[in-house]
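The two complexes that follow have chain A in common; it is paired with chain B in the first and with chain C in the second.
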Partner chain A sequence: MTESNDKKIQRRQFLARVGKAGVSIAAAGFITCKLYDKQGPKAGVDIGSLVTLPDFSVPDKPGQVISIVKGASRVKAVNKAIELLGGIKRFINEGEAVAIKPNVAFASPPMLGATANPELVAEVVRLCYKAGARQVIVTDNPINDPSSCFKLSGIGKAASNAGAEVILPRPNLFKHTMLTRGKLIKNWPIFYGPFARADKLIGIAPIKHHHRAGASMSMKNWYGLLGGRRNIFHQDINTIIAELAMMVKPTLVILDATQVMMTNGPTGGSVKDLRWANTMIASCDMLAADAYGCTLLDLKVSDLPYLIKAQNAGAGTTDYESLKPIFATVS
Partner chain B sequence: MKIVTVRRISQIFFFVLFVWFCIVSTVGEKFWQIRAWPVNWFLQLDPLVAIGTILTTHTLYMPLLWALATVILTIVFGRFFCGWVCPFGSIHHFVGFLGNRRIKTAEKIRLNRYRKAQRVKYFILIVFLFMAAFPSIDATLQVGLLDPISLVSRSFNLLLLPIVDKSINFISVSARFYEGAWLILAVFFVAILLNFVIPRFYCRFICPLGALFAILGRFAIWRIGKNKSECINCKLCEQSCEGGCEPAGKIRISECVLCFNCRQDCPYDIISYQNKSSLDGEITNPDISRRGFVLSLVGGIVAVPAIRLSGKLAGNWYHGIIRPPGALPEEEFLKRCIKCGQCMRICPTNVIQPGGIDGGLENLWTPVLNNRIGSSGCQLNCVACGQVCPTSAIRPITLDEKKGVGEFAEVGPIKLGTAFIDRNRCLPWAMDKPCIVCEENCPVSPKAIYTQEIFETIREGILTISKVSGNVIEVQETIMPERFASGDYYCVLDGQRRKIKANTEDAIEISFDEDIEKIPAAGTKIEVQVRLQRPYIDIEKCIGCGVCEHECPVSGKKAIRVSAEGETRNSDRKLLLKS
Partner chain C sequence: MEPNRYRAGHLESAISFCLLALLFILAVGVVVKQADYDMSRFGIYIEKTGAGEFSVMRVSAFVPAGFETLSRTEIYIPGNLYEKINGKAPLYIESGFEKLYTQRFVSKGNDSLWMELFVYDMANVKNAFSVYSVQKRADVELLPNMLFAYQTANSLYFVHGRFYIEIVGSAETPELYKAMTDIARKFISDVAIDKAMQIEELTLFPRENLVTGSSKLYLRSTFGFEGLNNTFVARYILDGHIITAFFSKRSDGQDAQKVAKNYYNFLIENGGRAKPIANEDLRRLQIKVVDFYGTTEFVFAIGPFVAGAHEAESQYSAERMAVMLINSLSKAVNND
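Right after this comes the complex of A and B.
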């Protein structure tokens, strides 16, 4: 038995249906036109827009470029060293945000000297606030687990007790950069976020033996700004360090040679690896600081090709004598 | 306040507390980090963990004493833990409620009736306990596979937390990874989804802890029951019965989880929590048939030797099972590990991972180090995993013991394994490229990785002099500008090796350090060499921490890899003749 459907469709119903169908077709058409991609995907990945690290340097003052202070107390020595360059106010203006980049590479206690000294970092934070800094940021992108590095090195606590904001390398703080005259730093991610917010930049590094590079000092300290698989740069360690010196233009670097890691670097691991040199270097020219640092590691400037490379690229001078370093001693 | 309201508050309180403990299982000093939070408390309350380890080790590890409190309370009050405390139970309770709240009362009553299959949980319990019961034959603690507290800890810590934190990076600076988490996820979500089939499916049919409580609670002093004879057998009391214990008829005490819904739902106030037996009688014993009992008992006893036929605890042990520092010898370890994942959660570097079955079935979800995951191998100055391990499968060691200093100087450091260099993949070994990232990152002092300097003549490295002026050697061949300028290249001339400073297309500038004494004639050959530092492992010093493996720039299959040979916890796996 069949039933015929003799119910006729109403005109009104039909028109409504046609209307809805029309809108649906229009929507499908609209979306298609909007999203139509004639080329398909290009090779490579989109890395977003490139960033450039700002220039943090302050104007030159001949005769006040580098100071070298002897003394066992880091706090006294760093105060003296900065004072000799014209005082902290020369570097930090009222209301500025300061980024401090200590070496926090390893999850290792302060006594082993594999990382920047926490008291020294705290003292520099305090000095910045004394100069009227609005905000002081302490940050690094360590090799070992970041939280553990800031914790075990004592830097996290010392810095935040001194009033600094400690910033850990979260993924969203990395941006790609391009070093114009660089061979290696091309479309490479760097730890950019904290530095983009800063007006001034101070590097704080210990002097350490480094089996591959020869020495790790204030220039090598900027390795912490590299993101991504930065280990592959070890195939050409001298070029990458020289390029870092070209890329980063700090306000000031502080090279701490109170204790120098003579062997087993850059991790150390034993107090036996350290030697007291009781020296604190503050410098506007990091090449000069590192060149002086060489003497404390019993190295010649020519033993560190990256120094020559950076000098040739115009990042500074290794002839620290020519800058007339100011020597002093604190008790 | 109504008793079910009190019960709900209790469930919410313990659930929130549980989640809080998951969050604070983070190394750090902030209030929401580990500090002194008793993050293992739920695991310690769990008598299945306590009884399991008692069976395998014949001792009760001190923190597990909490379980005694649960046991005593259960003996007095019945399965209060299931209905009032268990965070996993509360999830099931809530999901079961959500899934079935719109169905008709008659359907609800049908859904919550007792089923014979509820005895399966007893068989599971018996199998697990007998797998653990005879250490003299072979014993393994596998309760953690299905123990609800282990299961829910694992699921929250290794799945839900990392997923939630992935986008906000609040708990961890960078994303956490857990290998094989899909299986943990599958088990967790299947258990949750089964509530849509039957409410509290897991609790009724599977949960070995619930089974244990059922047995412990059979002499409970107070129990649910009818107190008046006016019952018209409307069965409304069974519409929301969480345990499926049939309070309308002869109540099955062993299945009752003390949800008190029956008391709430009875229109005649006939049901109460009392020390008398129910007026219509009760069944106190779990519904286990003798045949079922014997079968599961035999199954349990035979299972362990059967699993171990694989030889994974003998000569066929798997080198990829690198246990956290302080882990007991493998056989002892397997008697204690409950697969709760606390060590994997606390590990600040995320290197501790849930194991797969490569190392044998028993290895599933036990802690294994995977140096490719996480922020940096096993950190030298960290012993967090042993501090949180609830059963001491990983002993709570000190830093001195881990590093072999102080009073442990004689014994030496704890070795997790040994690093091996794959010379076919290593850049300086296989490709004549400088690298030694592994050496640089080795945290041992003196380093366990050392290098030997070698100069290798490079491909097409023999060049012909056309002219020498000062320290610039012009050559007849064409070279790529700056190719030898990295500071790693040398030029052998006159039997003397000199560092190359720079090069152009047809000239090499060598270091000024030593002047060229005798200007060589045109046509003389020079050799360009690359200076390499090739890494070697000092097996006596290597502690197997895996930092080298983590940092190795050969990022696919690493050119330096740790395997478990030489681990100190198993003396029969040592590598060297010397102690």
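Right after this comes the complex of A and C.
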């Protein structure tokens, strides 16, 4: 071969290599363009995909806003408490779907009072069916593992035996919400699915000391609707509880003070933490319920800043006496 | 004749080797980094054993006779402790919490009888004692032969070295209680700890009239005052009155004086009124007395200690307490 042929071969090879390299670069560039996100990660959620919890409240009836019943039997006390407010049919219409949101936060046995009492939950389910509800859902987004919480608290079994559908949280049941006047609940995921198909909402909560908030009662119960890394809200616990009270408008709240967790809340752990108060509170104004409830913890309204914040935001009144609570006793 | 194959030049070969070497180094770096990743940052827990570490497996091994494990072992770190104990998490985290191991056990014969073991690794015995003491229930039965331990009808609580342990039962039954004590016994015998279980400072409290088992350690804000941290408190009954005595060892005498003065100012700013002291000896020592909404508060500094009495029902009893404290702390100062 002559030298010029060698050069031609080298040139041919060079061109072939350049060609191959060019194709590789073009392919890589094409894939890159396809994967390239010009806008970058979105700062929030599309406004169109935000949801708002329905307003589950029923029309006011002056003089029948809050009832306080003394008695050791939860079943008798809750029946009396609801009866005093006009009976279950005031709240539940025939054919309606009812969501009950008890406090199922912990995988804790019923006797420790860290979660709603299963017997009480079951009775409220039965009352809803008695009023003609077509479906009753019992649900919560617990702090601990949901399956363990519903099982070990006894609430899962009690609710199912009473005919309720127990719904555990799943990712696809969460949607983002924005509280218009809120500072914290902005584009935040909430446990929405079970409530979207409900006509009425009943909250059931025990009264507990809470290391961070001071007390955990009916308003704090709605913490179970928050998704995501909700523990960050503990840094501004009073504001988040007030915003929960703004966000959720339930039909009725039941505050169980048969046994009150006086210390070491919210988890407790010893029967020594509990005190028998033998009181059941039913209320259409959860702020008023909590304002009365805190007295059973030997606290005043002023000891719980979130009560005042919620009142200032228009979520109800701490002056439960102005609502003329109805008192009764059951044996 | 075959065409000549193209042979790369020296420069081209050198560049190629450099690129390959760079790629190799990158690959080695990735492998090294991935092999030693702190998975706990992503909520993934890896069992570690070794000096100072507590094996996950051993927690489930505490299963008592007649019981079996009900769930898998759970492990929590400061970043996610909230997911187990919610609003109580700050109490532990602010007290030096490192790790929590939990394990549930259920009776083989009765699945309604179950209990949960909580093992809090608090890094040292003082931290463990602090969370134990500030949560201790009133009027409980102290466990004999154990330094810091008590029981209630359904639960057991104790300190073992750096660990604070709770065993919480689902019911109040002898079977569950026996199982809890078996777990506690096994834990104490199997888990090696530093010999220093004693907390020296507790011996500084005068023994006379001390309510047994009433001592506590507040690592942060004591009596609502942020400047009073690492404070030991204990209850006394003097002349039929309950008094809480307290002391905190500061870095030196100057710091003790400063903290004493600041705490006194805190009491006055929050509605307290200065009161004269009846006891002449105490007056000479410049002890401050405050009437705080009907109760008496004492505060003073002695050597590196700031000390006093809190919510005393009677000033006379509070002065007696102050004298007892001064005598005890003076001995400690002289021995140092």
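Quick note on the criterion: the second predicted complex is superposed on the first by the 283 of 331 C-alpha atoms of A that agree within 3 Å, B and C clash if a C-alpha of one lies under 4 Å from a C-alpha of the other, contacts with A are read in each partner's own complex, and residues count from 1 in each chain.
Going forward, a residue touches a chain if its C-beta (ideal position, glycine included) is under 8 Å from a C-beta of that chain, and two chains touch if they have at least 3 such contacts.
All figures in this text were calculated on a predicted structure; none of them were measured in a lab.
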Clash or fit (per the criteria above) of chain B with chain C on chain A: clash
Chain B versus chain C as contact partner of A:Ile308, first or second or both or neither: first
Touched partner set for A:Ser148, first chain B, second chain C, both or neither: both
Chain B versus chain C as contact partner of A:Gln13, first or second or both or neither: second
Touching partner for A:Leu35 - first (chain B), second (chain C), both, neither: neither
Chain B versus chain C, judged by how many residues of chain A each one touches: B
Which of chain B and chain C A:Pro169 touches, first, second, both or neither: first
First (chain B), second (chain C), both or neither touched by A:Asp273: both
Touched partner set for A:Thr239, first chain B, second chain C, both or neither: first
Touching partner for A:His210 - first (chain B), second (chain C), both, neither: both
First (chain B), second (chain C), both or neither touched by A:Pro109: both
Single chain C stretch clashing with chain B - from 8-16, 26-34, 62-70 or 296-304: 62-70
Footprint overlap on chain A, comparing chain B with chain C: 106-107, 109, 143-144, 148, 152, 210-212, 231, 234, 237, 263-267, 269-270, 272-273
Chain A residues within the chain C interface of the complex: 1, 6, 9-10, 13, 105-107, 109, 111-112, 143-144, 148, 152, 210-213, 216, 231, 234, 237, 263-267, 269-273
Interfacial residue positions of chain B with respect to chain A in the complex: 27-29, 169, 173-175, 348-349, 374-376, 379-382, 427, 433-437, 439-447, 451, 482, 485-488, 499, 501, 511-513, 533, 547, 551-553, 555
Contact set on chain C toward chain A in their complex: 1, 3-4, 6, 71, 82-91, 104, 114, 116, 135, 137-140, 152-155, 166, 168-172
In the complex, chain A residues that touch chain B: 106-109, 143-148, 151-152, 157, 168-172, 183, 210-212, 229, 231-232, 234-239, 263-270, 272-273, 302, 305-306, 308-309
